[in-house]
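Every chain is named by a letter (A, B, C and D) in the order it is written, and numbering of its residues begins at 1.
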Amino acid sequence: MRRVAMVGAGMTKFKEHFDLGIKELVPMAVSEMAASVDKGLDRSDIEAAWFGELTTSDGFPAGILADSCGLLDIPVTRVENACATGNDAVRNAMYAVASGIVDVALVVGADKVRESSSRSTFWEWAALTRDVAWDYPLGLVAPANFALHAARYLHESGATREHMAMVAVKNHRHALTNPKAQLRFEITVEQVLRAPTVVEPFGLYDCTPQSDGAAAVLLVSEEVADRYTDRPVWVRGVGLGLDRVMHQHKQDMTSFPPTVKAARAAYAMAGIGPADIDVAEVHDCFSAVELISYEDLGFCDRFGAAALVESGATTFEGSRPVNLSGGLKAKGHPPGATGVSQNVELFEQLRGDAHNQLDTPTYALAHNIGGPTAVSAVTILSTEKD
Amino acid sequence: MAQTYTRPDFRLTPTPEGDDVVFWTGGEDDRLMIHRCRSCEQYFHPPAPACFRCRSRDVASEPVSGRGRVATFTVNRQPWLPTLPPPYVIVLVELEEQPDVRIFSQLVDVDPAEVRIGDEVEVFFEHWAPEGGTEVWLPLFRPVPPSVDAATVSGEDA
Amino acid sequence: MRRVAMVGAGMTKFKEHFDLGIKELVPMAVSEMAASVDKGLDRSDIEAAWFGELTTSDGFPAGILADSCGLLDIPVTRVENACATGNDAVRNAMYAVASGIVDVALVVGADKVRESSSRSTFWEWAALTRDVAWDYPLGLVAPANFALHAARYLHESGATREHMAMVAVKNHRHALTNPKAQLRFEITVEQVLRAPTVVEPFGLYDCTPQSDGAAAVLLVSEEVADRYTDRPVWVRGVGLGLDRVMHQHKQDMTSFPPTVKAARAAYAMAGIGPADIDVAEVHDCFSAVELISYEDLGFCDRFGAAALVESGATTFEGSRPVNLSGGLKAKGHPPGATGVSQNVELFEQLRGDAHNQLDTPTYALAHNIGGPTAVSAVTILSTEKD
Amino acid sequence: MAQTYTRPDFRLTPTPEGDDVVFWTGGEDDRLMIHRCRSCEQYFHPPAPACFRCRSRDVASEPVSGRGRVATFTVNRQPWLPTLPPPYVIVLVELEEQPDVRIFSQLVDVDPAEVRIGDEVEVFFEHWAPEGGTEVWLPLFRPVPPSVDAATVSGEDA
């Protein structure tokens, strides 16, 4: 396969963009990405695009990307893989460039959680999908899925709500310097613990906010990379893992097998292991999910996450910072955009342009989990080509 | 302290089709019906036309005891569903017959603060006949022994 | 890039499967595909899957494929591209195999048009998508989109409703021998013209029926192809083209630019031209769409489609048969499955195993258009590796 | 023979937001409002925050004559929409000001069998104030000159 370089990355601010739809957010992210290309990007160089979008409230997704960005002469594929959509879009674009068929590929992720979806409309929508027939009659709402895992995880691991709170506190602090983040204010462990409970063991500050936004990266082949930059970031590994959709079929409630599988595939492709990762963006839709993911990604041993977060290793000052962007928790979480925006953050880190800039990191990892815990995608980036 | 369960005014009820029907209507005869594979003899849930373990299509529902334990639970405190006022306990029950078979439901007749992983629970059924919809018997769970002593029993268990 | 071979193909019958859902249809198609692999398929050989599904009434699509087929240890990507979904799934899997990263890739397409969607539910659903706000208030239903193109096409080209009827008659006749086809009965031009009008100029027999179904193909790299068969079919070209989503922005109502773009890309990759195609499956959701597509694919000159169909060239006995499967018109049209099922038909044709078997065809073309006329995908298969 | 249009009992009306509002409410002043780019001076429709031709964001709605021609049409004869009984004519109108700007609408006050591509048409507005919804003025079209002579005029045109 050909080596694949990331040479541009940009994103909109994540927030509730009441006045902007997908058709406005997508071209904003693409323009930001284009502006980040060191030697400039002639848009007619783009040969193909991948569009990660989870929801389709605004119409036909591939057409929306083409239409809104004026990219009508290239193929656009919509990829959807629950909350792993963004990193799976990166993965599919990476394959196309690696194949030798496409030299310059655009990856965009976006979602717009429309404020117009009233409760009655939501109910109608919910009634259309079959699996929810197993959930809603008995009150099982989406955040409860993760809450059930978290409750069991606390029970078995000995981790506490304080450890979950440390994740939220850390990610809020990281977001302070991120101009794209939705929640830019510090919180304390006490505030997290005292906040109203949403669904136990999650309080208000354990949960990601509702966000709109878009993010974009540009992948190019090794042959053409130096047309765009002298400091490319290399896409060294991609992985996607699945598990049974039904919670009822999951063997172990304290680990997410999709992450284990996705990480194993990505590490193998990159030829490295978890110890080589200098910086990571980890899916923290709920604080406990970051803890469980430390273990699934191999950042610590099973049930070692509480000690890891307690040690401060995953803060900006620590040995392996996690979610320097603020994470889903404080940066925000428009599902299709999230994975791509993790790549934006890591692209900037590896090039020395980030807000919470580390001292010359070499390997970076992006991670999503979704569906709610049925799919995970992992991308490994590096300053090193081989 | 245990809280006494009051049936809500409304629930969004399922419209079961195919393999699902037996599960949602077994309560008419006060039986919790769970699919079982006749090839590998394992129970599985939700019902499906094939066993997810061995892919055999020789599967059918069988009545089980309706007893089990709390595999995990959460207390919802947000008014997500307009007709289910919080707080209420969402539970994943592992069946007495085969603990890796789990059923989502609500755990009622219990103080949310007193629920613990491992608590013993048993099924009961709530009958709904929505206008223009399908008649169903929703399986809900309550502590064993039920009623006012539940909190104490589950407390010992934690 | 590595050469990519198709070594297996299978599908369910297309029909209204009232008693079967996606979770039943998908594994049926995969089993049929596996049975078609000459030297057998060990399912653990499959390294990755692409799932083309347009609607998601049954839950999280990638998870459904993994769950229902017991493929829990491989990545599954859902691709969605309106009615071009199936051939775009083939395209993305082809890139992955060509890249050298994946040796054995499964492609599945499926859709289930649920009979339970009552009118009131449909209305609620329609109200959720923004673009329809421009259509429904004034009575513009989906088939009317194509009808407006067809009316203008008849007006400018001189083609008549009789030419449209010839397409329907031909495709119904082709379907007679296809055990997978939904409508296996002959019709006459008179019957087509006398049938009740749906939306002018389309009568009942000018329209595809509503269908459920699934189809699957197996793509492998040239290095491993001989483990599976001694008579592979080669994926020689893939192309995807887009156009503005809004009809109001289309310049020419008598041609579909997405098809022109997709075909150009696929022909270029294959190193051939339209004259080299021996057999084709062309998107005939409405009879007139097959006529317009003859021109867009280069099978005849502009406004030459009427003469082409009149000449009989596109029948089984003609020089370049089109829709020997029966086409969408008579075989049926479950959107996500349609493109993949075209590949199933052409795989069998190129290997000499088809129901309407031609005498040693070399090049075959599959074509979709959708969105409704905003995206097209074209795949070119051949018995020749180069 | 022309058919006289009767307003239906109900229509699914849009809930316009942002750039769309002017189009759906211009009828209050009996004006058909179409977006125009001040950079390339071209009209475009539907309205959007940027010109799809030159990407300029210097765009705004302007009143147009409301006259145009039938670019293409279809007669729907199926009862797809419960509140719009067939047959009715769905038309794509090209604007007098700029024929490559087209508007979907219904063509009324005309015998469906007599409509021809190229027929001259003009706008009129139908006011709707749905309960709990947004007040809108739907632009519909009818032949020029309207009423009984329309069929003859458009016949010559074909």
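The rule we apply is simple: a residue touches a chain if its C-beta (ideal position, glycine included) is under 8 Å from a C-beta of that chain, and two chains touch if they have at least 3 such contacts.
By chain, with names taken from UniProt: B, D = Zn-ribbon domain-containing OB-fold protein.
Small disclaimer: the values here were computed from a predicted structure and weren't measured.
The chain pair with more C-beta contacts between its two chains, of A-B and A-D, is A-B. A centroid comparison over C-alpha atoms places B as the chain most distant from subunit C.
The geometric centre of subunit A is 34 Å away from that of subunit B, both derived from CA atoms. Averaged Cα coordinates give subunit B a centre that lies 55 Å from the centre of subunit D. In this assembly, the C-alpha centroid of subunit A lies 44 Å from the C-alpha centroid of subunit D. In subunit B, the residues touching two or more other chains are 15, 52. Among all residues of subunit A, those that touch two or more other chains are 21, 67, 127, 244, 246. Inter-chain contacts occur between A-B, A-C, A-D, B-C, C-D. Looking at the complex, you find that subunit A touches subunit B at residues 119, 123, 126-127, 133-141, 144, 147-152, 155, 196-201, 244, 246-249, 251, 253. The part of subunit D that touches subunit C in the complex is made up of residues 11-16, 20, 44-46, 52, 71-78, 80-82, 84, 88, 90, 92, 100-106, 112, 117, 136, 138, 140. Looking at the complex, you find that subunit B touches subunit C at residues 15, 18, 48-50, 52, 55. Against subunit A, in their complex, subunit C makes its touches with residues 1-2, 21, 48, 56-64, 66-67, 72-82, 88, 91-92, 95-96, 98-102, 117, 121, 124-125, 127-131, 239-246, 261-262, 265, 269, 371, 374-375.
Only residues 19, 21, 23-24, 27, 67, 70, 116 of subunit C touch subunit B when the two sit together in their complex.
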